[in-house]
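You will see chain A twice below: alongside chain B first, and alongside chain C after that.
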Partner chain A sequence: MAIKRLFVANRGEIALRIVRAAQALNIETVVAVSDADRDSAAGRLADRSIVLGPPAAAKSYLDPRLIVHAAKESGCDGLHPGYGFLSERAILPRLCSDHGIAFVGPEPDVIDALGDKLKARAMAQAAGVPLVPGSECVATAADARREGDRIGYPVLLKAAAGGGGRGMVIAHNGDEAEAGFHRASAEAVAAFGDGTLFMERFVPEARHVEVQLMGDGKGRVLHFGERDCSVQRRYQKLIEEAPCAAMPDHLRAQLHQSAVDLAASVNYRNAGTAEFLFDVQRQEFYFIEVNARIQVEHPVSEMISGFDLVQEQIRIAGGAGLSVVQQDVKLSGHAIECRINAEDTKRDFLPSPGRITRWEPPEGEGIRLDSHMSAGTMIPPFYDSMVGKLIVHGKDRADAISRMADAIDGFAIEGVPTTLDLHRAIITHPDFVENHIHTRWLEQVLLPDYGKKAA
Partner chain B sequence: MTTEKDIAVQAIDDARALLGALLASDWQELHVVSGETEIFIARSGGGINPMREASPPVGEEPSPQLPVTGPETPETVVTAPHVATLVDLAEVGAMVNVGQKVATLRVLDEVQDAVAPVAGRIVRHYVRPGALIEYGKRLLSIGNAA
Partner chain C sequence: MVEPGFPDALKLLLEEFSRSELCELHVRRGDFELYLSTDVARGRPQAAPRGVSAASVAAPLGHPAEAQGSAIEPVPAAVPDRTAADLPAEAIIITAPNLGTFYRAPKPGAANYVEVGGRIAEGDELCLIEVMKLFTALRAGVSGTIHAVLVEDGAMVDGGQPLFAVVAD
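Coming up: the complex of A and B.
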């Protein structure tokens, strides 16, 4: 049954994005807001907004009972969770199902299974998806050497009971593996009372690649190409690209197939992303996890496919099948997205809420801005600091970089400090232009220099 | 891949952001309650630290509506602590004590009480039972006992 009125259980740019997608499908919208978001752009554009609770997310956007109650009592028959907040908490689709509301996302049992790292790895293994080569439990230093030789160096010795980097040692050869075993095991005993270790291959300069998926819940899954999200700071993505230009075509085809096989094996429904580590030196990729939601960086996949993923999400949740077949998904050109945050890069990326006094975004061919901001908008201090996503599309990567540089130059934001200047520094950096980057590149190469220049 | 250290760093970042927000504004004080965390920041000579006082009764969340004070009979407005469906309200004219139930709210299949923050007589209703009420919506007012 097609959705007639959609409840938007999120805020910021994604709430606005969902309202627009629903309106394009002639679906009414009700937007949930907290007291801090009473005047939000999404709320103004929607047919109705409902104030859930006070600004604290725990008492508004993170309370599934308030959200489902508001959705049900406002006559909504569908609910879109966006990303973050409750989007990957199975309780939300369970409550929706109990109250006759179609959830725009996967089945709750699938969300639960994918949210459990061990279960997700087992599912990947069963579907024939490559995992980081590793060992079972390692009991002695001699075992560590033997396993290290088998896996290939460098390897990471990790505490089985561990976390937070404790009981973790990198070994580059057999001698280091033996010495590392003693050290990591002693650390693990001290930290966790359990010296059991396991080993896995360490990829020093890895890329983060991910495949955009869309499933019908009956075993049919399409991919919309891959994204390269290697520009990160503290595991937070700053820039995303599609496609991954550093990946050769034969490997790309294997990557897509692995992701589709994994999702099809669990009859995945709606949008999801399979994340992988790409070892450029070895030309291998390894499964990390599946994100069971629409992601922040979905626009770059939309730009190269010409496909509206959020509209497709809403249609599928309403009972329609996939609207296209894989052969219809034609990928062309190159897209780049910069996540612009209200953060002070000179003060260790301090979130800087406040009022936007000037907001003049760039316009032009191949430029897209997903944002809920305008001049006069107040950024509340309670939530994340993203003010918008600047996305460009070009005929190839060089063209997209050039277009992004122009777009950043043409973007005027005043009132709060933003990461716009940092984005300019990244996309004009020779390493980025020549595509010699990895997930630690920003922190190891660019930021130390950037800090000096900025000071 | 979030570690305890990341969470601690995030918490410090958040606290600094709040301080920044206060300094950048003309606010005198800032009080944020989020999950298990509560933080109160005030300018020099600012207000009383609410964290040093007893927790308010359920149903008396901070709300955008300040108590309405009339010249003759001061009134206190009770507002909705969150979105809910209103089940019933105490009768106009009824006398209530502090902490006594004045309204029943329903969220999905659960009901909860909203209680009187002050003692007095119910003066008026602002909504009817059955309505979906949003956070901060006025429910009723209580004429303060002298």
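Coming up: the complex of A and C.
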């Protein structure tokens, strides 16, 4: 049954994005806010806003019982979790289902299975999706050499009981694999009391690519192309693009098919993203994980497909099937998104909450801004520091880069430090322009020099 | 030197302190020093006394505590004849710690915990706040007389919504 009143269990730009999508579908909206977000843009635009509790997320946005109680008591028949917070916690769809509220997302059991890395890997393997080549347990130095020779160097030796980088050694040849075995095993014994190791191929310069998926929950899954999110700092994405211009077409087709096969194998429902590592030297991709939610960077896929993914999410949760078939999804041009954070790049990206005193975004053809900010908005210190996503669409990558440079130049933000200048430095850097980047490029190449030229 | 954003940071700190269970906070940074205390006996004036209970003593009525823009159905909030003007200046407003359904009695048919004009002592139960069948009693953080009950029985209240006006002893 189509949703009539949607509860928005999130904040910031995505709450506003969801309210707008619902309004376009003539659906009423109720936005849950914490005490710190009483005056939020999403709450003002919605038909109603409800204060959940104190600013601390654990007592507001992260309390599933509080949220479902509010949804039920405000007469909502659908709930959108956005991203982050409770979006991938199975308890939220379970509570929704107990109270007759349609959850805008996958089945709780699917969320649980995909959230478990080992289960997700097994599901990917069963669906024929490529995984990083690796070994079973390795018991001796001789085994390590033999497995290393088979997998191909460089390889990573990892503690089976491990985590947090301890008991991890990179080996570039057979001798290093033998020596590395002794070292990693000793470290693993010291750290975890268990010297068992396993090995996997190490990709020194990988790109992060991911496929946008949408499933009907009955085995039919569409893809909306891939995104390249290789500009990262400490595993946080700063810039996302669609498509991945570095990937040849035949590989791209295999990537899409792998992602669709995996999602179809679990009758995936609603929006999701399959993430992969792309080894450019070897021209291979390996499965990482599935994110069972709408993602921050979904707008770049919308820009190249002309498709509103959040509206489609709401329709599917209301019981409608997919509104199109794969042949209808036509991808064109190139889109880039910059995540603008209120962070001080001169102070190790220190989050800098405070009041925005000037907010004049750029306008023009092919420019989109997803943001909940305006002049006078207070950025509270309790949540993430993202103030907006600047998105451009051009006829090709070079055109999109040029548009983004102009859009950044035309963007005036005052009151708090932001990462806008860093984004300018990235997208005008020769490595980015020539598309010779990888997931550690920002930290290894650009950031060490950043700020020195200006000084 | 006053840093940019300093007044906002101070405001946030004050808000956080007043919401927290902390009794004292002492901040020193450079030549700036700030001391906050909820202890009236220390001679530093405080807007309202505080207890250790869940009842938070918050802003006077008229502060924008109600949810905004309730086009769907009005939030059952302040009783119409009880406006800020009716309340004595010394009235203390007890607010909901979080969202939930407000119940004046321990169970249907039972007597209300408190009535207007009734006396309360610090620690007394005032009402129940229900979240998904979990009932939490709200206790008074102050002794005094109930001057007004600001919400209808059975209504959903927002976090921070005023529930009772109390004239303290």
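By our rule, the second predicted complex is superposed on the first by the 451 of 455 C-alpha atoms of A that agree within 3 Å, B and C clash if a C-alpha of one lies under 4 Å from a C-alpha of the other, contacts with A are read in each partner's own complex, and residues count from 1 in each chain.
Keep this in mind: contacts are C-beta pairs under 8 Å (C-beta built on N, C-alpha and C of every residue); 3 or more make two chains touch, one makes a residue touch a chain.
Computed from a prediction, not measured in an experiment: that's the story for all the values here.
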Three-chain arrangement built on chain A, chain B and chain C clash or fit: clash
Touching partner for A:234 - first (chain B), second (chain C), both, neither: first
First, second, both or neither for A:30, with chain B first and chain C second: second
Chain B versus chain C as contact partner of A:57, first or second or both or neither: first
Partner chain(s) touched by A:213 [first = chain B, second = chain C, both, neither]: neither
Contacts of A:5 with chain B and chain C, given as first, second, both or neither: second
Touched partner set for A:43, first chain B, second chain C, both or neither: second
Which superposed partner A:221 touches (first chain B, second chain C, both, neither): neither
Partner chain in contact with A:66 - chain B first, chain C second, else both or neither: both
Which of chain B and chain C A:351 touches, first, second, both or neither: first
Chain A positions touched by chain B in one structure and by chain C in the second: 34-35, 50-55, 59-60, 63, 65-66, 68-70, 73-74, 95, 352-354, 381
Residues of chain C touching chain A in the complex: 4-5, 8-9, 12, 16, 19, 64, 67-73, 75, 97-101, 130-132, 134, 156, 158-161
Interface residues, chain A side, partner chain C - complex: 5, 28, 30, 34-35, 38-39, 43-44, 46-55, 59-60, 63, 65-66, 68-70, 73-75, 95, 352-355, 378, 380-381, 415-416
List of chain A residues in touch with chain B within their complex: 34-35, 50-60, 63, 65-66, 68-70, 72-74, 95, 99, 163-165, 234-235, 348-354, 381-382, 385
Interfacial residue positions of chain B with respect to chain A in the complex: 1-6, 13-14, 16-18, 20-21, 24-25, 32-35, 61-62, 64, 81-85, 107-108, 110, 132, 134-136
